[in-house]
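You will see subunit A twice below: alongside subunit B first, and alongside subunit C after that.
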Partner chain A sequence: MAEARLKPEHLLLKRFLRNKTAVVGLIIIVALIVIAIIGPWLSPFSYDAVDRQAYLQPPSLQHPMGTTQSGRDMWALTLHGLRKSLVIGLVVALLSTSIAAIVGAFAAYYGGWLERFSLWIIDLLLVIPSFLLIALIAGNSSGGASSWLLLVLLLTLFGWMLSARVVRSLTQSVKQNEYIAAARYMGLSGPKIIVRHILPNIASLLIIDATLNVSGAILAETSLAYFGFGVQPPDTSLGTLLGDGARQLSSFPWLFAGPATIIVLLILSVNAVGDGLRDAFDPGSKASGKG
Partner chain B sequence: MYFAKFAQVNHSATNISYIHANLVKLNKIYALPNDKQQQLQSTVGSYLLKRFLNYAILLVVATNLSWLLAATQLNPRSLYEVSNPPIDPVSIENNLLSRNLSDKVPLSERWVIWSSSILLDWNWGQSPRGGNVGEEIGRRIWVSVRLITLGSLLGAGLGVLIGTWSARRQYGLSDRTFTFLALLGLSIPSFVIANLLQVLATQINDVTGTRFFEFVGETGLHGDWFGAQLLDRVQHLLLPTIALTILGAAFFSRIQRNIMLDSLNSGFVRTARAKGLTRSQAINRHALRVSLIPTSTYFAFSVATLFVGAAFMEIIFSFHGMGEYAVQTIQGHDVHGAVATAAFGGVCVLSGALLADFMVAWLDPRVRSASANSV
Partner chain C sequence: MHLIPALKPRVKDKLRIMATTLLDVQNLNVRYANEAGSLHAVRGVSFSLHAGEALALVGESGSGKSATAMAIMGLQPDSASIEGSIRLHGEQLVGADDDALSLLRGKSIAMVFQDPLSAMTPVYTVGEQLIESIQVHENGSLSDAKNRAVELLDLVGIPEPHQRINAYPHEFSGGMRQRVLIAMAMANNPDVIIADEPTTALDVTIQAQILDVLQIACEQTNAALLLITHDLGVVARIADRAMVMYAGKIVEQGSVNTVFYDSCMPYTMGLLGSLPHAGNAGTNKLSAIEGNPPSLLTPPTGCAFSTRCPLVDSTCLQQEPSLIKITEPDHWSACAHHQIIRRDSLTHADLFQPKPATESTAAKALPLNPSGSKNEKVLEMLAVKKHYPLFKGSVFRRRVGTVYAVDGIDLTIYQGETLGLVGESGCGKSTTTLSILDLEPPTHGTIELFGNDVSTLDSKQKRLALRRKLQIVFQDPTSSLDPRMSVFDLVAEPLGIFDYNPEAISARVNELLMLVGLDDSYLARFAQQLSGGQSQRVCIARALALEPQLLILDEPVSALDVSIRAGIVNLLQELKLSLGLSYLFVAHDLALVRHIADRVAVMYLGRIVETGSVEAVYENPAHPYTQCLLSAMPIADPEVERNRVRQIPLGELPSPASPPKGCHFHTRCPKKSRLSADQQQLCVEVSPDLNPAMPIQKMQEQDMPVYDNHSGSEASYQNTKESTSAHTSACHYNYLV
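Presenting the complex of A and B:
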């Protein structure tokens, strides 16, 4: 028995690597992140530079993805948009999963009025049509370079509630374990028990949740941007590019094709990795694992 | 015995919400009743009543918060100030005052006027230049109903079929194909699907030289023969319905597959097989029926949220429904319109939640018998 034993992380890795879709997804994500980081060196044009010789040109040798109405290079714009969308997705996912973990775990651990209050806030935020309110605030903000920061805050504010509910119900069952009681009798404080014993035990859920939050946030920003409520010009995101491109899709398809391909590739890969992680963490669930 | 049952129900509750959290967020659908424990402790009737009261309070708070945000963030005055030739400031002020939209009036006073007119006359206010917000919404709700009914039913139906099919052939070729297609469907922004469909339809129209696909508005030119009007409406509905069906099928096939797999491997299906039922009999009579309970709660939510959530379809295919209104009110600094839409959206979410609660109470034999025992 002892000789064939794998370390938990090796087991996880093995299970993850078994899922080919997820592995391909991970490779694509890494490639996209690398492209986004080294983007400025991949294009001779800056994303906000205007080429006065080329307004609304189809793809050519000089501009591999064509140019926009104002003479900006689509390839450079797409790279910049990818970078912004990735940053938005990652930051929102990190923040909202952290909030969900803290609120859900504290609510379930302490119970009582804290739990009732948190649940009430969660319900309230779920009732408010978040899309409308985010649009209302982001669409009427003054714009400028920090508009994406406001967007990140808003998407986080309305993005943590469902995960918090799940964290709460998982914490309720983890709380029943003897080692929690033991920790309490040894005099460990509540916050320490949550951070040291409860959160590590629901880490699998948090990791999966954060992954799927990345694609959720990018899609949400894309939807907002379609109506002009997303990242404000001159800054740009994949969503902003798609929204502009969609309006002229039949006449100038190159404004749409590039960003659309990249975003579908990105979201698909993130979702596939999320699925693969769930399979790897939770092989007992018949819904995901073999057997 | 009691503990075993309790643990089972509790487990399924976490499991459902777990699947829920992972799937639902992709489509921006809202809450799920995961407090079956609580349900078991009280009777279904008083449980639903309690939830209803709680929802009502939530709705009032949410609506007032929306008003506060809209009143401070939107600026209806800017609509008049950009007009050319310029309008006399006094008349702008009078115009805004008569609609309770002037930012020179203190917020508290505006709130009293706004809330009392809703409470006393059920009057949700005026838009900056148009008419009554309530009338506009009353008209638009039916446009949304016509747009989403067919598409959401087809999408859910197709999704359940595909999900059940895939679950029975887990890891087969068809399962893997459908899983990938569903993942793809959920990864494409809905407006991209709608726009691509539109381009495709234009191409088909051009190639065949017909106007088979219509994609502007609800109705168009049509003959006056019997059924021409109906055919015209169906032609206009075709593309948005296809788009909604694709999205719905992608979403529901994933949910149905996961839930079906859980129920296929559960004890009662094994018992049914042990009693001599064939695999199909056991699946159709037991596994499928049980798996439809959670799926139907998702359906309740998705329909309710589609009222405002179908904004892309409405704008791309020029249906003047609630989703389009939501976007227009915000773009047009229409404080009262935006608040009324937000309130309507809240009502939709809560109706979905209540409907889902009700369906669980009605369909789930465990909840039913638990409430019968406690009465």
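Presenting the complex of A and C:
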């Protein structure tokens, strides 16, 4: 009878593949990541190179997406912006999900003052108007090539709390399982129990959470950049490009159209994959059953 | 108790309509679509239910019994597809839409579910829910419905129904809620009541009460009862006819007496034989049915039971035997060898001979534990109390009370001995085991493990060294195995903590799996790929990994199917002999404790009320609570069940936060009512100590140690403590019969 049962991974894959939107989303994300990585070789121009023959030119053979006011190639800029946005999104998602996992799991496992203190911090960070604070700090920083790192840290700092609360409540329910008690009575220490038994069992949430955090971080960076508080020039991101392009949308639409299409595609795909993962992990969801 | 007026004439007609068929199920097939394919859960089930009868549908989990019930109610999940015919009063239910079925549900067919905790909406009062179920089908006034609800609550034995009707479900205990659910099922005088494992979630004393209520309900409404259960004792107690289901098919059907006494299907015989009972208490082994039920994803070609059947031959494998009428009037069985069984009048003992208790694999795999004198105490608990404070408020937490979870108990376990700890849920059994395992000093008293007082454990190393001698096997094997780990990782985990090297771990894991009867093909499997019995074997292997001396078994088989239980119990017995283990066996199943334990301690509201050798306690129970427990215990023998005189404790277990003063049991004691007022006064005021359960003369005759009789003094306490094997009982009137 055991042979007839599917391994958990196969089951996940089967359920995930059944969700066509998610599969398309995954393909788009992979394509975008590949394009971002090989970007510098896809364009004859560097993103910060200036073509003195072409200021604010519409798309042409030489510049497939046109040029900016300062004569930079839009195609090269979009590729670079995509790369930066992806890096920001991935790093922020990874960091904030990790923080959320650690804080949430430890708070729930140990309980007592640690839990109360963690919840206090979480609540405090939740009531602070994070957008304003990030805008102030990022806006007043000296700028330069590493300014995006500061942005990543700030986005992480204000991005982990809700996930941590979810991790905490999930840990509380996983903790009820007798295998946790069994591990304790085997002599396993608390941190090891968390790493070995609790986190793997809430991994599904963590993966979904990280996926959705990617799009959250990209959007947050975009809106900051739109108001001029994001990645500082000459470096650029999709948000910065959008912000610049939006100001001249009616007269020079190519400045806006490229980055906007890419970011919409990216966010939609990430969310589709996140939803697909959630359905695949959750056996009670609609995706399971008939098939 | 007054009857519902409308019912009276119908009761009189009971005999007349006995023969009419209410519910007729023909060739019912239920399939569930899931990831792995189509699961054929019910495969061609046909039966009919007559007015006024109680029909039991018996089977293990996955046998399709609940799927059958859900199909009748029309409550199957969307992924199920149903074929065949279900007729109620000749009206076809298969294919009827939900609105049409809603008119029948509650009105003609009512259902009592297994879990009373989740079968009521928490935000409405019990009365509102009961009135709702009345008014759904009747257009009476609210006050009529309310009067009816009070009547119904009275009928199912809820005290003070006028007040209790305004209570919310959380204010009721599990047993009370199940009574309310039965009242709801009765509300519209249904023709058929389907009870799906109605007492499985309840304690044995409450189970006895609920079965009585269920019988009253059926008599009052003259409804036919379809009882779905895995408990053969319950079947023997309540049913007129029984059907045994295996792998989605009915394999035997007949009157209860025929099925229990003249079965000719090896599966039924094996089930009955695998139960521990007074008859096989002395022998070491239960006759277990080997193996597991087949998966219904790929329907078997031959007899579904052939892989586990001792009578199997080539005819069994060719085609699945169909249900054949064996004897008149109504005994059907699906076995190719029914003639042989009947001709030679084979019994389960002929078919499932328990293997002799050889020192088989177990003894070869491991040397005996070195430490071994019989008189060495592995555990000694003296006057242990474990109290939990009750707090209220979130900002300014204030103490509002105390839960007296464990309130002064003494327990001793010697090397190589099994102590059974018995009691209802909420009596403090689990707190006792946890306070041993925590290795923390209790609120009061001392716990000594292997001669070390746990309050002297000051370093991590000392604690860890003690930890490995003490392991636990939990009740629910699936929840005690991490679903993300393979069997190898699971069993190896404790070894990793104590720094074994990789080769030693690998060798030891193989050895352990062999010890618990699994081969190394299981190493790479995950918990979901194991059956319940296999999971519990892995749990046992894991617990044995560090060569413990004391194993705490917390209801180790109660989550398993009947046919699997015997195998695990045999394994535990075998391991105890070959490894010299000591067990603390916590259970609510008294028959099982009798089978496996050497001594038994009965616990009630945090105290031990009776303790002694298994023979003494079971043969001559002295404490009224023990007597109640034993009398409530269902026995899988219809004749015995029908002729038993029951002594059932009154009401429900009081809260351990406010235990009654004096003797904790006096609020429920059936003996108390037979005492004089002065004698009763003593019960209410003074808490009894454990005293010899037999008169002194009789003890002297039997050459037993004699103690100072109940004075509550320190001297008698000390004496009792010294000889733990004596039969003692905490009742002021031990000698009064």
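What to note about this one:
By our rule, the second predicted complex is superposed on the first by the 283 of 291 C-alpha atoms of A that agree within 3 Å, B and C clash if a C-alpha of one lies under 4 Å from a C-alpha of the other, contacts with A are read in each partner's own complex, and residues count from 1 in each chain.
Here is the rule we go by: a residue touches a chain if its C-beta (ideal position, glycine included) is under 8 Å from a C-beta of that chain, and two chains touch if they have at least 3 such contacts.
Keep in mind the model is a prediction, meaning the values are calculated, not measured.
When subunit B and subunit C are set side by side, the one touching more residues of subunit A is B.
Of the two partner chains placed around the shared chain by superposition, subunit B is the only one that A:165 touches, whereas subunit C remains out of contact.
Judged by the touch definition given at the top, the superposed model places A:181 against subunit C, while subunit B stays out of reach. Residue contacts after overlaying the shared chain place A:201 against subunit C, while subunit B stays out of touching range. When the two structures are aligned on the shared chain, A:14 is found in touch with subunit C, with no touch to subunit B. For the contact definition in use here, the residues of subunit A common to its subunit B contact set and its subunit C contact set are 288, 290.
Those residues of subunit B whose C-beta lies close enough to touch subunit A in the complex are 10, 13-15, 17-22, 24-26, 28, 30-31, 34, 54-55, 58-59, 61-62, 65-66, 69-70, 73-75, 171, 180, 183-184, 186-192, 195, 198-199, 202, 257-259, 261-262, 264-265, 308-309, 311-312, 315, 326-327, 330-331, 338, 341-342, 345-346, 349-350.
By the touch rule above, subunit A contacts subunit B in their complex via residues 21, 120, 123-124, 126-129, 131-133, 135-137, 139-140, 159, 161-163, 165-166, 169-170, 173, 205, 208-209, 212-213, 215-216, 219-220, 222-223, 226-229, 239, 242-243, 246, 249-250, 253, 256, 260, 263-264, 267-268, 271-272, 274-275, 278, 285-288, 290. Remark: subunit A residues 1-2, 4-8, 11, 14-15, 177-179, 181-183, 185-188, 196-197, 200-201, 203, 288-291 touch subunit C in the complex. On subunit C, the positions that touch subunit A within their shared complex are 33-37, 78-79, 292, 294-295, 297-298, 437, 464, 467-468, 470-472, 474-476, 479-484, 493-494, 497-498, 525-526, 528-531, 539, 542, 546.
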